[in-house]
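Some structures are shown below for you to check.
Both complexes shown next keep subunit A, but they swap its partner, so subunit B is in the first and subunit C is in the second.
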Partner chain A sequence: MDFDRLFQSMLRLDRRIVYSLIFIAVTFPFYIAWPPFNVEVSKEVRSTYDIIEAIPPNGQPLLISIDYDPASAAELSPMLVAALRHAFSRDIRVLVISLQTTGQGAGIATQIVPAVAAEYGKKQNVDWAFLGFQPNPIVAMMAMGEDMRRAFPRDYFDTRYEEIPLLAGVQNYSQIPAVLTLASTAVGESWAIYPGSRYGLTVLAGLTAVYVADIQPFYQSGQIRGIIGGLKGAAEYEKLLERPGDGTAGMRSQKVVHYTMIIFIVLGNIAYLWTRRRRIA
Partner chain B sequence: MKLQIPLLICAIAGIFMAVQYFIPAALPLYERVNDYLQIVFAFSIVLGVASVVHRHGGRLVRRKKDWVYSSLIIFGMLLMLLAGFIGGRGPGTLFQHLFNAVLLPVQATMFALLAFYMASAAFRSFRTRSLDATLLLVAAVFVMVGRLDDFKSLYIPDIARWILDGPNLVSKRAILLGVGLGMASTALKVVLGIERSYLGSGKE
Partner chain C sequence: MSSEVLWTLLAGFMTLAIFSFLYRDNPLYKIAEHLSVGVSIGFLVVTYYNNVFKPKVWETIFTHGQIDYLIPLALGLLLFTRFFPKVGWLSRWSLAFYIGGFSGLSIPSTLEGRVLQQTEGSIRSLYAEQAVGFWPTVLQSWDAIFLVVGTLACLVFFLFSVEHKGPVGKLAYFGRLCIMAGFGASFGYTVMARVSLLIGRIQFMTREFWEALRAAVS
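Presenting the complex of A and B:
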């Protein structure tokens, strides 16, 4: 067998072949539910779950901040759905806001929150409310620390703050047991730095996988009390809920893609080392 | 005066925001400043829209190169504005339908294309050219496999966990500390009027 030719051609592999294999690796597991995926729940996801689990039913609301745009929806929307299902299944009230600068988080909230609330027969403004978006995240976070009305005088659907039953008695972070920020940018970090440190708010973060490494120091220091990291984090949360969803389905694709990429990397390196050795010889 | 007044405003605002943290009596003023900040930021969005209209509207009117794309931007912006103002923005509205059916899949598609580029780039560039590159490659493979919770008998998930909690955490924390100190010193320089680049070059 002519390894020289084989490895040379491998090094010149048409990128369309790579693209085609990745396309197959991503799409097929969605339709044939293969390979099996057994996820281990990490301590970061476990602590997020436990903190939400400990919120008293029909009491003060869990604050969920949708701080991502549609580009990150594939990773973060499964977390949003899982967290909402967790809260609503335990009759925990949910207050939703979005601090995504261009307002696209508001569109995601309007798409997902009413749909999941309807699964559990939850009423808008009684069991959940969506206050809308604010374009300047840090200023909004600080304003909410003193008086939420100053940041959100009306909700997304133009209802006055005072007319929302869920918000009766909710003035600032003192009445919020925890915030779950779902973020693909530094907004997640800002929740820990500003409301977390100044107002003592319990901060939980659902983040894209690439951003988890950046936020890990805040978890280690206790400034962020729980992390749901990437699609795997969503799958872990779904496992805790015993209700597989898009996170688990997505992890099957991710598993095949990871192994496909590893095979590409290994083959590429074998070909590279072989041809380099030949050149030196 | 054109220089001194902005510097004075910056110094007063900067010192106030630092000092108010320790003075509970300054709370009402702090809340008022927060309100001002929200209003100022809202204006920046208006400025952004005006800038898009000015740039792409001008290109459209003068039929410059790629004016078709500019017309699409203006059309899309007007369509969303009208849909939001006339039909509202709640579930089931045209505004939400456009968001779900156009913006969401388009943005997700753009981001998803990264997977193809990353795979191709990894195949072509992730090579054991040096010790550093080899270490990076080995760490990447361990983390990629470890994230899937496979090969537990070979302790791969534990090794991946150690890489994230050990070397990664240490370096990230060092970077964060450096950035924090840099931010503090820059803020101090701005408040004291030493750093003035935010005022522009001074030329009309």
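Presenting the complex of A and C:
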């Protein structure tokens, strides 16, 4: 076998062939339940679940901040759906806001929150409310710490704050047991630094995988009490809920793609080292 | 054909148009790219008007009569003077006010959250007293030792007033390894995140788009 020609052709491999193989690797597991797949629940996801689980039913609301745009929906929407299902299945009230700077988080909220609430027969403004969007996240976070009404005088659907039964008695973070920020930017970190440090708010973070390594020190220092990291985190949360969703479905593809990439990396390195050794010789 | 089917089909064709860039740049990709940017900006303007300008500026001043809100409105309008070179300097007043106010708001919290609490988090007992059992105690103690030594080693790597030779050099080298491990973890997570985005699109194409296509054909 002529390894020289084989390896040289591998190094000149058209990138479109690589794209096609990645496409097949992603699509294939949606139709065939392979490879066998088991999700190990990390302590970061477990603590997020436990903190939400400990919120008393029909009491003070869990605050969910949708701080991402459609570009990150593939990773973060499964987390949002899982967290909402968890809260509604335990009759925990949910207060939703969006601090994503382009305002597109508000569109995501209006699509997902009412749909999941309807699954459990939950009523708007009684069991859940969506206060809408504020453009400057840090200013809004600090304003909410003093008086939520100042940051959100009306909800997204133009109802006055005072007319929302869910918000009766909710003035600031003192009446919020925890916040779950679903963030694709550094907003997740801001929740820990500002309301977490200044007002002692319990902060849970659902993050795109890109931010997990950056936010990990905040978990170790206790400033963030729980992390759901990327699609894998969503799959772990779905496992705790015993209700597989998009996170679990996506992780099988994730696994096959990782195998494919590892094979490419190994073969690429072998080909590179082989041809370099031949050149030197 | 319902409007939902129509929008789903449009979203699917836009996705295919964006993916067509993987083969080569083409007019379909350009159309999808410009539409995406245009729609995003349009959505932003409408959302800002309805959620910010209308309730917080217009209604506050003209419905509730709170004329003190004219001051931030005037400061906001001054920002637009940058378009007119002769009076552009006026925008600095707004920026000075904004930067000053924001610094006052954020510096104490940043110092507390990013410096003091982070420092406190890295000063921990090297012996895991709370762990139950031999192996949990060993592993958690090892974790604490690694964290403290790793943090110090990373700091030493950035200490340039002492030559990196001998024990200092070895500690700095260990710090470099720790930093590289951190970058490696970040890169691994980034790859996973990018693959997740592709998975999300493929899920959409194989479910919603496929169903919409079948509904449209039938």
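Operating definition for what follows: the second predicted complex is superposed on the first by the 280 of 281 C-alpha atoms of A that agree within 3 Å, B and C clash if a C-alpha of one lies under 4 Å from a C-alpha of the other, contacts with A are read in each partner's own complex, and residues count from 1 in each chain.
Rule of thumb we're sticking to: a contact is a pair of C-beta atoms (placed from the backbone, for glycine too) under 8 Å apart; a residue touches a chain by one contact, two chains touch by 3 or more.
On a predicted model such as this, the values are computed, not experimentally measured, just so you know.
Trainee: Should A:R154 be classified as contacting the first partner (subunit B), the second (subunit C), both, or neither?
Mentor: In the superposed model, A:R154 contacts subunit C only, not subunit B.
Trainee: If you stack the two complexes on chain A, which partner ends up touching A:I22: first (subunit B), second (subunit C), both, or neither?
Mentor: both
Trainee: Quick check for you: in the superposed arrangement, does A:A213 touch first (subunit B), second (subunit C), both or neither?
Mentor: After superposing on A, A:A213 lies in contact with both subunit B and subunit C.
Trainee: I'd like to know which partner A:A249 touches here: subunit B for first, subunit C for second, both or neither.
Mentor: Only subunit C; A:A249 stays clear of subunit B.
Trainee: Thinking of the overlay built on chain A, is A:G196 touched by subunit B (first), by subunit C (second), by both, or by neither?
Mentor: Touch partner of A:G196: subunit C, not subunit B.
Trainee: After lining up the shared chain so the two structures overlap, which partner does A:F264 touch, if you call subunit B first and subunit C second: first, second, both or neither?
Mentor: In the superposition, A:F264 contacts subunit B only.
Trainee: Mind working out whether A:L273 is in touch with subunit B, subunit C, both or neither, as first, second, both or neither?
Mentor: first
Trainee: Tell me which partner A:T110 touches in the superposition: subunit B (first), subunit C (second), both or neither.
Mentor: first
Trainee: Check the residue A:S174 against both partner chains and state whether it touches subunit B (first), subunit C (second), both, or neither.
Mentor: Neither partner.
Trainee: List the residues of subunit A that touch subunit B in one complex and subunit C in the other.
Mentor: 19, 22-23, 26, 71-74, 104, 106-107, 134-135, 139, 142, 156, 198, 209, 212-214, 217, 220, 230, 232, 254, 257-258, 261
Trainee: Which positions of subunit B touch subunit A when the two form their complex?
Mentor: Going by the criterion above, the answer is residues 21, 27, 30-31, 34-35, 37-38, 41-42, 44-45, 89-91, 96, 99-100, 103-108, 110-112, 115-116, 118-120, 122-124, 126-128, 137, 140-141, 144-145, 147-150, 157, 164-165, 168-169, 172-173, 176.
Trainee: Please output the residues of subunit A touching subunit C within their complex, sorted ascending.
Mentor: Touching subunit C from subunit A are residues 16, 19, 22-23, 26-27, 30, 71-75, 102-104, 106-107, 132-135, 138-139, 142, 153-154, 156, 192-194, 196-198, 208-214, 217-218, 220-223, 229-232, 246, 249-250, 253-254, 257-258, 261.
Trainee: Going by the contact rule set out above, which residues of subunit A touch subunit B in the complex?
Mentor: Residues 13, 15, 18-19, 21-23, 26, 37-40, 69-74, 104, 106-108, 110-111, 114-115, 134-136, 139-140, 142-143, 146-147, 150-151, 156-157, 198, 209, 212-214, 216-217, 220, 230, 232, 251, 254-255, 257-258, 260-262, 264-265, 267-269, 272-273.
Trainee: Considering only the defined contacts, which subunit C positions touch subunit A in the complex?
Mentor: 22-23, 40, 43-44, 47-48, 51-52, 55-56, 102, 105-106, 108-110, 112-114, 117-118, 120-122, 147, 182, 185-186, 189-193, 195-203, 206
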